[in-house]
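The chains carry the letters A, B, C and D, assigned in the order they are written, with residues numbered from 1 in each.
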Amino acid sequence: MTRMAVLGCGRIGRMHAANIAQHPKASLAAVYDLHEPSAQDVASAQDVPAVASPQEIFGDAEVDAVLIATATETHADYIEMAVAAGKPVLCEKPIDLSLARVNRCAEAIKGSSVPIQIGFNRRFDPGHRAARDAMRAGDIGALHQVVITSRDPELPPRSYLEAAGGLLRDMTIHDFDLARFMLDDEPAEVFAVAGALIDPQLGAELDDVDTAMIILRTADGKQCHINNSRTAVYGYDQRVELLGTKGMLQSGNRRPHALRRFSTVATEAAEPLLYFFIERYREAFMAEVAAFVDAIENGRPPEVGFEDGRRALILAEAAYRSLAEKRSVRVDEIG
Amino acid sequence: MTRMAVLGCGRIGRMHAANIAQHPKASLAAVYDLHEPSAQDVASAQDVPAVASPQEIFGDAEVDAVLIATATETHADYIEMAVAAGKPVLCEKPIDLSLARVNRCAEAIKGSSVPIQIGFNRRFDPGHRAARDAMRAGDIGALHQVVITSRDPELPPRSYLEAAGGLLRDMTIHDFDLARFMLDDEPAEVFAVAGALIDPQLGAELDDVDTAMIILRTADGKQCHINNSRTAVYGYDQRVELLGTKGMLQSGNRRPHALRRFSTVATEAAEPLLYFFIERYREAFMAEVAAFVDAIENGRPPEVGFEDGRRALILAEAAYRSLAEKRSVRVDEIG
Amino acid sequence: MTRMAVLGCGRIGRMHAANIAQHPKASLAAVYDLHEPSAQDVASAQDVPAVASPQEIFGDAEVDAVLIATATETHADYIEMAVAAGKPVLCEKPIDLSLARVNRCAEAIKGSSVPIQIGFNRRFDPGHRAARDAMRAGDIGALHQVVITSRDPELPPRSYLEAAGGLLRDMTIHDFDLARFMLDDEPAEVFAVAGALIDPQLGAELDDVDTAMIILRTADGKQCHINNSRTAVYGYDQRVELLGTKGMLQSGNRRPHALRRFSTVATEAAEPLLYFFIERYREAFMAEVAAFVDAIENGRPPEVGFEDGRRALILAEAAYRSLAEKRSVRVDEIG
Amino acid sequence: MTRMAVLGCGRIGRMHAANIAQHPKASLAAVYDLHEPSAQDVASAQDVPAVASPQEIFGDAEVDAVLIATATETHADYIEMAVAAGKPVLCEKPIDLSLARVNRCAEAIKGSSVPIQIGFNRRFDPGHRAARDAMRAGDIGALHQVVITSRDPELPPRSYLEAAGGLLRDMTIHDFDLARFMLDDEPAEVFAVAGALIDPQLGAELDDVDTAMIILRTADGKQCHINNSRTAVYGYDQRVELLGTKGMLQSGNRRPHALRRFSTVATEAAEPLLYFFIERYREAFMAEVAAFVDAIENGRPPEVGFEDGRRALILAEAAYRSLAEKRSVRVDEIG
């Protein structure tokens, strides 16, 4: 039984706390949030103590591992503290919005064998994973193209966007990681186009974008397209397509149930897609915790580690440079 | 080149005339209709003569074969005349509404080798045929159940219904034939339930029904369900499902194109189904003529012959007796 | 918080115990099984006591309600004991294989206000329920036809079949209830055809069948078809279709994820269906417990009660008589 | 009745000849091919004369319009000759592989009112057109993204590729036109990535590519992704997706029929896609001729004219420059 503490009791931390509590091989030991009522709320729902500081958690011998779901700017500090305390870490993405800070963190933890897993939950989605497994099993021959469609249901509030670090570091970063997972290889070049099409104020006021198209290429020429939008009114649109010499695989969207409607104007009309990540990636979030616990218990490195978090951020940086310079950017110009 | 004449220039005769004219191995020789303007209309559209009587066609040495698409009560007479004239016949279903008349016709043409094909077009639908071919090839192992869904888009006008002979002889007769085709065997028992649910006046005034469910069983126990409705507002609903020990096959509906719509209320919403038989079974009607021409040119009996028309009518009679007596009726009680 | 005890720790009791334990408003108080190791197993997994007799549960003031998942022949006894003890009951279907016993049980509990819910889980399936809700909201106008496809993935072991009471009482009973739920009305007539097509020995040795087709009709003429098979190699096939004057609704099958494969021989090939009821109806089983708890807490009668269990059994009896007499059987001949 | 002559009797010319012959308002007047047996073959199949030279056609008063389906390098010459002769032209794409030659042709025909239609058949596909119509009708609000998937079933023979002018001018040119059609606007910037992944020899020997990803952007920021492959073993993959502020539209693939297979390993497995353009775009090719005839008869300019052919080629040139310079190329750098 791995006793886990959760730092950060916002929407996603609350979900992780519940998932940990339900996991047969994990238990929830304690929770923390800078905003005490949030911590109290999760603590009482899960019947565990809410502690007053992260230090209490890092210093607690009864805590075997930590899950970090606090504000992004604290991630690197807490990773360093957890590693210093010898506590395995499952940290929400991104590691930090600054590549320099991520690199310093990497330096700080160099040589440590404390397991670190980054919360790229989509790798654990049953459909996406089955697609990759089939590809690696040779079902579609040699892989040539990957197409990732990733559209959020709704533009988040301005307050969120002000702290999020920009579309490519906040939202696309999941797709950059998924691209690496699906390509089973490193992108060598990045090209990006983006705009504030949904909310032009976003560009004017935050220098942010809400709609993007990206092309990645690996050293041996495999191609990957990512397309992003902050608004898909029909639901959270999450698809992956893999084209190979012997076939194609598509990991598709999910709906709450399988009702189809037939009328004078439409046939086979299905429900809107599951609204957002907590619903769509429910199994993935649970599998992510399971994989973390499994890695710790079996002394194996987590499947998706610190360096994966760093590489995704490097791709985001390359994409930003591409936006600025309107050219394909070699990833080694950044990393 | 098989020179064909078409008797009957209503909606379906007009379609057959055009199909014959387009067929690479057939040509349209002449057309006839009791209602001369209809004949003239098709004649001028296809640039062929409209003749004044069926006799002209049966006596014309330049006519190799005839397609009968006249009113049902003339079918048996014309079949007998065609056979007497030695002209192969492709006759629309049903042969007659009266089994006694069909039996007399069978007697009249006994011993003749003139090819007769009945217009059970659905046997030639690419999807339905592919389902049956796959079943006969063993893809689903031993066949256990057949489910036929067959719903017209709209109740026909009262004038049509008055002459149609009742739902089971007019509409279900296609499904009875399709059941025999898919079962690859003879139904031995029939049970039927029906009602005038769409238009209760239909029951009161015409003693007809518009909605039915039927179960057929073969001697060795294979089961078949047919469900019929005269109104499916979402389009002409034509499906066949085959369940076997090793799998299932479904031959599904057709739409004019493959557009899918996604909105706040629905996803993957497709177009309404193709409206009715001329659109839905376009390829089937063309393949039916092709099979007829092919049978004639190669001296082979047509795939679906006079006896198939008779057997479908016997099933309709058995179903009517089942309706009346609320019991399973053995087919040999009728035939 | 409703404290529930589970009687019967077989496959389905074990699942219910876990569902109760996870429910935010319920807690698992104790478990019991005649076979002690089974009870111990669930007890230790859920960290609750295993008690030595049902009486301990019925007499325990700390138990607010019971879930009965024991062998069918004990259901009626335990219902009577629970009612006598004033404990609300959620009882797995069927109430009993004997209608006489069910009627005696009804007599025994007459006048009691202790809530009884029968485990017709399918009513709580999100897709099936959404279909019925849409129908009741008028989305498809007046309902005319219901088609229920219900096929198990695999023939159960002989030992199970020997005790199950026959296909129509064991398996179809779910579909009879679902038919009543979807028709929103009482079937007045039943016709059934069935055979031992998968395993002919089943007929010879157990006088049982494995493949069936049934037609129900309500007093006002609505039609319902049920088709059953004990073997669908492609997975647990659970579909409901509702045809009305303004449209059609289909509640379809479920798969573990949304991967589709494209190759030289097939396109859009999806995964096999979820294997069986525990996977396919996972949400339904959880919603069933939630509805039970909700009914108790709010003093409302459960949505699906004792009489629903009795009516489904009556339909099974009518269907058996129809099989024997090859005729449509009026339900009031039985009930 | 528009009397049309067909120049070029290869695969596509033969198809056009048959489509013209079947069109109710057009007739086939004559055919020509440099390779006389090809011309004779089509001539005898359609029962029209095969003429010995293009000049015979351009000088024939009985010919109202011409369809050019000869080798690409002759297109511009024949367009000029047709315009000089006052004969409306339906010319297969591309106008020429050289933008300079296209520009000279534009100069040569400047001021002429002879209708010229370019064979961008996909604009006439019922599904693609319905998508665009729905978009223009406001069904999805403001358009933000277009995704075009366009993959041929199989690498063409080397001889074809040697003359084809490269992937982007030969194959992608259709997608460039479709992008303009769907965006309902001009792309202002082009970025392309491509490689010889299917057949590396193609790169080494012909300096050609077989797999590409492209991003287009309009002046107001709308984004379009095209992805191409010369080999999709599951069939000719032709999809268009439009994302807007109020919804999404997808125009999907086509299959020969609607059979779906269910087995132990797959469910809903559909047939491979229609093999290639003649089958997939059958209705589109017929609608293209119909639109041309309609434009001539009603004195309207064709929907897709010479300038559309030129603009698609400019996009191909811009894409080639992008490939070479690994940067986004402004379209006005080319045109």
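Things worth noting here:
Just so it is clear, contacts are C-beta pairs under 8 Å (C-beta built on N, C-alpha and C of every residue); 3 or more make two chains touch, one makes a residue touch a chain.
Quick caveat: nothing in here was measured; it's all calculated off a predicted structure.
In terms of C-beta pairs in contact, the better-connected of the chain pairs A-C and A-B is A-C. Distance from chain B peaks, on a Cα-centroid basis, for A. Each chain gets a centre from the mean of its Cα atoms; for chain A and chain C, those two points are 40 Å apart.
In whole angstrom, the spacing between the mean C-alpha positions of chain A and chain B is 57. Among all residues of chain C, those that touch two or more other chains are 232-234, 246-248, 253, 261-264, 271. Here chain D touches chain C in the complex through residues 232-235, 253, 255, 261-273, going by the rule given at the top. Chain A makes touch with chain D in their complex at residues 142, 144-145, 147, 149, 151, 189, 191, 193, 195, 197-198, 211-213, 215, 217, 221-225, 227, 229, 231-234, 237, 243, 245-248, 325-328. Chain C makes touch with chain A in their complex at residues 22, 125-127, 130-131, 134, 139-140, 246-254, 256-264, 271.
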